[in-house]
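One chain, subunit A, appears in both complexes that follow, with subunit B as partner in the first and subunit C in the second.
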Partner chain A sequence: MLPIYLTFMLLLPLLGGLTCAVAGRKLPRALVEVLACATVWGSFACAVLAAAAYTGPQVITLADWFASFDLAIPISLYLDPLSLSMVVMIGFVCGLIHVYSVFYMRDDEDYARYFALLNLFVFAMLTLVLGETLPLLYLGWEGVGFCSYLLIGFWYSDPNNADAGRKAFITTRIGDVALMIALAWLFQLFGTLSITKANGMGFLMPGSVITMLGILFLIAAMGKSAQMPLMVWLPDAMAGPTPVSAMIHAATMVTAGVYLLARLLPLIGSSHAALAAISVTGGLTAFYGATCALAQRDLKRVLAYSTISQIGYMMLGVGAGAVTAATFHLLVHAFFKALLFLGAGCVIAAMHHEQDIYKMGGLRRSLPVTFWSFLTGAACLAGIPLTGGFFSKDSILLAVWLKGGVLYQALYLLGLLTALITAFYSFRLMFLVFGGGNGHVHRSSGLTVMQVVLIPLAILGLFGGLLDLPSYLGGGYLSGFFATLPVTDLPTGSHEQEIVLQVVAGIVALLGLLVAYFRYGKGRAERMREAQAQPSGLFAFLAQGWYFDKLYHLVLIRPYQACAGFLSERVDRGVIDASVDGLSAGVGGVGRLFGRWSTGKVAVYLISFAAGGALILCYLAWLAL
Partner chain B sequence: MSVPLSHVLIVASLMFAMGLGCVVAWRANVIMMLIGIEIMLNAVMLTFVGGSAHWGIADGQLFSLMLMALTSAEVSLALAMVVYLHRRKQTVNTDQFDSMKG
Partner chain C sequence: MTSLIPILTLLIFLPLCGALLVFALRRSDAAVRGVALAFTLAELALCLWPLALTGEKAAGAPAGFFLYQDAAWIERFGIRYTLGMDGISLVMTILTAFITLIAVLSAWQVKERAGLFFALLLALQGAVQGLFLSLDLFLFYLFWEAMLIPMLLLIGVWGSGRPVYSTIKFFLYTFVGSLLMLLAIIALYLMHGAQTTNYTFALPELVRTTIPYDIGLWLFAAFLLSFAIKFPLFPLHTWQPDAYCDAPVAGTLMLGSLLSKTAAYGLIRIAFPLFPEASRALTPLIFVVAVLGIGYFAWIAFAQRDMKRMLAYSSVSHMGFVALGIAAWSPVAVSGALLQMVNHAVTTGALFVVVGMLEERADSRDLSSYGGTWGKIPVFSFFFLVFNMASAGVPGLNNFVSELIILVGTFRVAPLAAAIAFLGTILTLVYTVRLVQEVVFGKEKTPLELKDLSLREAGVLAVLALVVVALGVHPGPVLELFKAPLEVLVRP
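Up next is the complex of A and B:
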């Protein structure tokens, strides 16, 4: 039965997407909406059935794709704990986002395009996760990038939105190039593109080759998962509709890079240098994202930077070899980040599309459901003890600490500092948006349903910790489930160690909450006054994302534009066009010159004829003499 | 009595040159140009006949007979066209007919 479930899991969103794309405009709106939601929920149902029928890691070959010489790429899917937990999460979160979208996009005329892309997005992500061969994974990888490009630039009539879409596409493409190189190299090395086979052949190669492969995969993941230094696209990706942001940030797209590295960890995990590079990238990005989120004014940008930061944690976890912890955080993060984004969508819809958090306030009473859900999400993000985010983030930090060594202990401290900042900015957001005086909101019938969607996510985020409790509380479901994965030979700490680390993490989170309370809860009026002024110094540095955009503009875009300008002005127009123009002008001139000869007068022709004859005679005479 | 070939050729070239001169110079009248062409053709025929006599082969004479037939046909056509052209522009000056100007 498993192949049937998997086939339908993939085909349903594809069919839904294609139907919406081809006939969406002809069909009534309600039908398109029902179709889009039903296909994703159907896909989720298939994922659940597959999970029920799951017995062990299994490669399922559905069909032959192409096979020539020694290159054989079947359409085969790989179901193991990693991909299974991912597809269940993707189906569920995307299903909720689809339902939410129906109400969020109620006034948009372009519903057919929207739902078609949303469905295709789900299909691409599922292909990415389930693909057993790297080309299949790559197809999903590119499909996700393509759909995100179109969805970020969904309201393309505003050039800023279209630019944001292009920025996302081009930036992730840099990573895709690395992935393409890695794929070609992998095939050249191992003669196979099957993930399971390649994972088992890592020991055949010298360490340096594995390190290089690891770095290439890391660059690919940097692009897709918005890690340093390719993270600049994610804050701008906020230009899309809010449910799309929720989808990109929570269930799909940005998790793809983490998934890729976790999937290939058996191959690249033997290289300590590659792992260290992954950890350092993750740690630095986590810190970067958290600091930038401190100074943002746009509600969605705060969340975007928090995503960058949280994905950084996951990378850190993968780098420490803790696939379980990273996946655990990935799943819990998917729930609470979707919750936060959808909650933000409710807030934005209720505030007449105002996104400046300094202009909000007092939504605690006017939007109670959103408030409580958002509070849950923020608590998870901040890692307040006993929420899902606390356990998942802590399991990553624990793994990093247990990995040992100066580098990992420094990364642990950086992670802890990041956790403090995270708690601070999460509650800064809470206090600014929901605290303070009474806020006026704009209610609509759609808002009620949109708020209802938040509730299951809030529950999952809050109790997500139950998925994988620390071992002193009896151990986790996820750890046992993941035990079949090839890499689980991690050092396990004693219970005391775990408890101490969790207490430290809990104190840090509560400390952040406390500071945020004093600064933005009690000192709210003062902060509001400060916000009127132009940001300066450190604040502007953080608000601008460490000026990375400006740096890239200076280092990459300006020279590129200058080079393009030179090539266009001087080389293309100056040399190539000019020479072609000159040639045509010369030919035309010569033609006009000779054209003057044909006067139409018979006499001129006769004289010319006679002169020509005379010339020939002279030549013959000269030859004869 | 036989005329040397060179004499025949000299007379023929002189005739050809005069015919050409007539065609080039007398362009105010199409008919005079046609006469010039006839003179040139006659020079050619003279050359053929002279060559035929010199080598004792009848080919040249045959060819000049053919040329006579051809010329008569050509002249009748050309004169018809002259009449037509004269009707169009009331003139036989070739310089007036320059509609072929490129």
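Up next is the complex of A and C:
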């Protein structure tokens, strides 16, 4: 039965997307909406059925894609605890967001294009996760990038939105090329592109080769998962509709890089250098994202930077070899970040598309459901003890600490500092948006349904910790489930160590909350006054994302454009073309002959051409005689 | 039965008869179009027939060929009328028939001397088919030159911009190349004759000639130069943007989709097998120009404001991958190059057609004339996006598969060249999304009355899009056809 479940899991959203794309504009709106939602929920049902029928890791080959000599690429899927937990999460979160979208996009005329892309995205994301061969994974990898490109620029008539989409597509393509090169190299080394086979053959290769492969995969992950230095596209990606931000740029697609590295960890995990590079990237990005989130005024950009930061944590976990912890955080983060974005969508819809948090306030009373759900999400993000986010983030920090060595202990401290900042900016957001005086909102019937969607996500975020409790609380479900993964053994700490570290993490989170309360709860009026002034110095530096955009514009984009013009005008026309023209003109009489020719008609040409041909034939005849 | 019907001869002469008939009917535009369409459809049907025969082995044919026809022609010089079809030729003939069909359909609106126009298209098709089927070098050369005449007339008479300048430039370039090739062919003929006393142009015979290394180098260089001009490879390309831009849409289609493929075909069928040592010696050179071309042309494409010029540079940039795969000369890489030839013909051809449709509507090819077409002509914009994404190498569409195969195949031989070539795909995406953005997204820059696609136009594009998707999802059968011939041609 498993092949049937998997086939339909992929086929349903694909067919839904294609139908909407080709015939959507001719179909009634309600039908498109029902079709889009039903296919995704159907896909989720298949994922659940597959989970029920799951007995052990399994490769399932559905068909052939292409083959040339020894390069054979089947369409085969790999179901193991990692991919299984991912597809269940993706089906569920995407299903909820589809329902939410129906109401959020209620006034948009372009519903067919929207749902077509949303459905195709689900198909691509599931393919990415389930693909057993690297080209199939790449199909999903590039497919989600394509959908993301068009969805960021969904409201295309504003050039800024289209620019943001383009930026995302090109920046992630840099990572994609690294993935392609790694893929080709892998085939040269092992003669296969099957992930499971390559994972089992890593030991055949010298460490330096594995390190280089690991770095290439890391670059790929940097692009898709918005890690430094390729993170610049994600904040701008918020130009898309908010449900898109929730689904693609928070819960699913941006975690693809983490998934890729976790998937290939058996191969690249033997290289300490590669692991160190992954953890350093993750640790630094986590810190970077958190500091930038501190200074953002746009509600969605705060969440975008927090996504960059949280994915940094996941990368840190993968770099420490802790696939279970990283996946645990990936799943819980998907729930609470989708929750935060959808909550933000409710706020934005209620505020007439206002996104500046300094112009909000008092929404606690006017949008109670949103408030309580958002509070849950923020508590998870901040790592307030006993929420899902607390346990998942802490399991990563624990793994990093246990890994030992100066590097990992430094990264642990950086992670802890980042946790403090995270708690602070999470509650800065809470206090600014929901605290303070009266808030007037615009209510609509759609808003009610949109708020209802938040509730299951809030429950999952809040109790997500139950997925994988620390061992002193009896151990976790996920750890047991993931025990079959072929990953190197990790050091395990004593219960005392775990408890101490969790207490420290809890104190840090509460400390952040407290500081935020004093600064933005009690000191709200003062902050509002400050916000009128032009930001300067450190604040502007953080608000502008450490000026990375400006830097790239200066050293990459401008020179690229200038060089393109230069090459086209000066080199191609000015040197190459001119030299050829000059060459023909310079051959004396021949040149003059050409000159006379070019004034004549084509017929003259053809006659001389024929004459030339005849001459050659005569020569030939003479030779043979 | 198949031995009774000379399929191969029919494949060449059916379009030529069609050309004569169309020319005879030139008084009536409707008749001209109808007959031209009927002949291209018949040709396509005829091309598909041999698909059923691939398992057979033709009598007297070299290994891998399932259709073969051989007759004495000019016996005094050992010139024979030898045609043969293996999997590679089969795919190329189908491609030729398909692209000509698209060209005829996209030229439906041509009013000026339509009879001559369609006659030339059909004649060109006949010549290209002949080239893909020739197994006699002299015959090959004949078709190689014969292609040139209708092509030159198509640009010169129906062109826009500076057609005469472009025609002359194109002619001079290709003629210089052809001349060198002819000299090389004759030299080879004489050498083989002196060695064996069998003066022949038969390719399977000539392959067995023993050629001293330094002479082989010169002869190979002559072939290479001739093919590199038509390809075109960097830095022999400057005729190409002018010719592509100034040609009418159908002409650009034939030139970009088919004529560039004849050069790649020549390298695979003739130049590399004839001179294995020399080709190996010059491989680094081909790698360099291929890799350089991919990045350089993609970069220049970004700077173009004229859409057709941008596509012209895009076209050569993509052809760089074909050159890369051929230079690697391993079975996998060459099969990727062959598939890329098909994909390039379809995708780039489709882009030229789709831009031609836009030009017909607004009489402009300048990027700054358009913007926001999605809101106004959604069907057009949909196809425009699909073909551009195929060109950018989005998986699920055709170009991705061949580029992946080339990458993997080349990486084993020359990892550095393959890796740098693939960095070039970043630049491909940069100009592609720019083109999409300026035309499809944003706001309308100048107010234009645009009508969405007519049924004929939508039909043409739908067929092309289906092929793009089919070759992206299930390229297996095409790759299978390349297998047997490549086992003979590419000896690792």
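Just so we're on the same page, the second predicted complex is superposed on the first by the 566 of 625 C-alpha atoms of A that agree within 3 Å, B and C clash if a C-alpha of one lies under 4 Å from a C-alpha of the other, contacts with A are read in each partner's own complex, and residues count from 1 in each chain.
Note that in this section a contact is a pair of C-beta atoms (placed from the backbone, for glycine too) under 8 Å apart; a residue touches a chain by one contact, two chains touch by 3 or more.
Worth saying up front: this structure is predicted, and the values here are computed from it rather than measured.
Participant: Between subunit B and subunit C, whom does A:Ala525 touch in the aligned arrangement: first, second, both, or neither?
Facilitator: Neither partner.
Participant: A:Pro159 in the overlay: touching subunit B, subunit C, both, or neither? Say first, second, both or neither.
Facilitator: second
Participant: Which holds for A:Leu567: it touches subunit B only (first), subunit C only (second), both, or neither?
Facilitator: Second partner only, subunit C.
Participant: In the superposed arrangement, does subunit B or subunit C reach more residues of subunit A?
Facilitator: Comparing touch counts on subunit A for subunit B and subunit C gives C.
Participant: Once chain A of both complexes is superposed, is A:Ile174 in touch with subunit B (first), subunit C (second), both, or neither?
Facilitator: Second partner only.
Participant: After superposition on the shared chain, which partner residues are touched by A:Gly143: those of subunit B (first), subunit C (second), both, or neither?
Facilitator: Once the two structures are laid over each other on A, A:Gly143 reaches subunit C alone.
Participant: Could you say whether A:Leu183 touches subunit B, subunit C, both of them, or neither, answering first, second, both or neither?
Facilitator: second
Participant: Using the superposition on A, tell me which residues of subunit A are in contact with subunit B and, in the other complex, with subunit C.
Facilitator: The answer is residues 597-598, 601-602, 606 of subunit A.
Participant: Any idea which subunit A residues touch subunit C in the complex?
Facilitator: Against subunit C, subunit A makes touches at 21, 25, 64-71, 135, 138-139, 142-143, 146, 149, 153, 156-157, 159, 162-163, 166, 169-170, 173-174, 177, 180-181, 183-185, 187-188, 193, 560-561, 563-565, 567-569, 572, 576-577, 580, 584, 594, 597-598, 601-602, 605-606, 609, 612-613, 616, 620-621, 623-624.
Participant: Give every residue of subunit C touching subunit A within the complex, in rising order.
Facilitator: It is residues 76-77, 145, 148-149, 152-153, 156-157, 164-165, 167-168, 171-173, 175, 179, 182, 186, 190, 199, 235, 237-238, 296, 299-300, 302-304, 331-332, 335-336, 372, 374-375, 378, 382, 389, 393-396, 400-401, 404-405, 407-409, 411-412, 415, 418-419, 422-423, 425-426, 429-430, 433-434, 437, 440-443, 473-476, 479, 482-483, 486 of subunit C that touch subunit A.
Participant: Subunit A touches which residues of subunit B in the complex?
Facilitator: Per the stated touch rule, the residues are 20, 23-24, 27, 33, 94-95, 97-102.
Participant: Taking the touch rule as given, give the residues of subunit A at its contact with subunit B in the complex, in rising order.
Facilitator: So the residues of subunit A touching subunit B come out as 595, 597-603, 606-607, 610.
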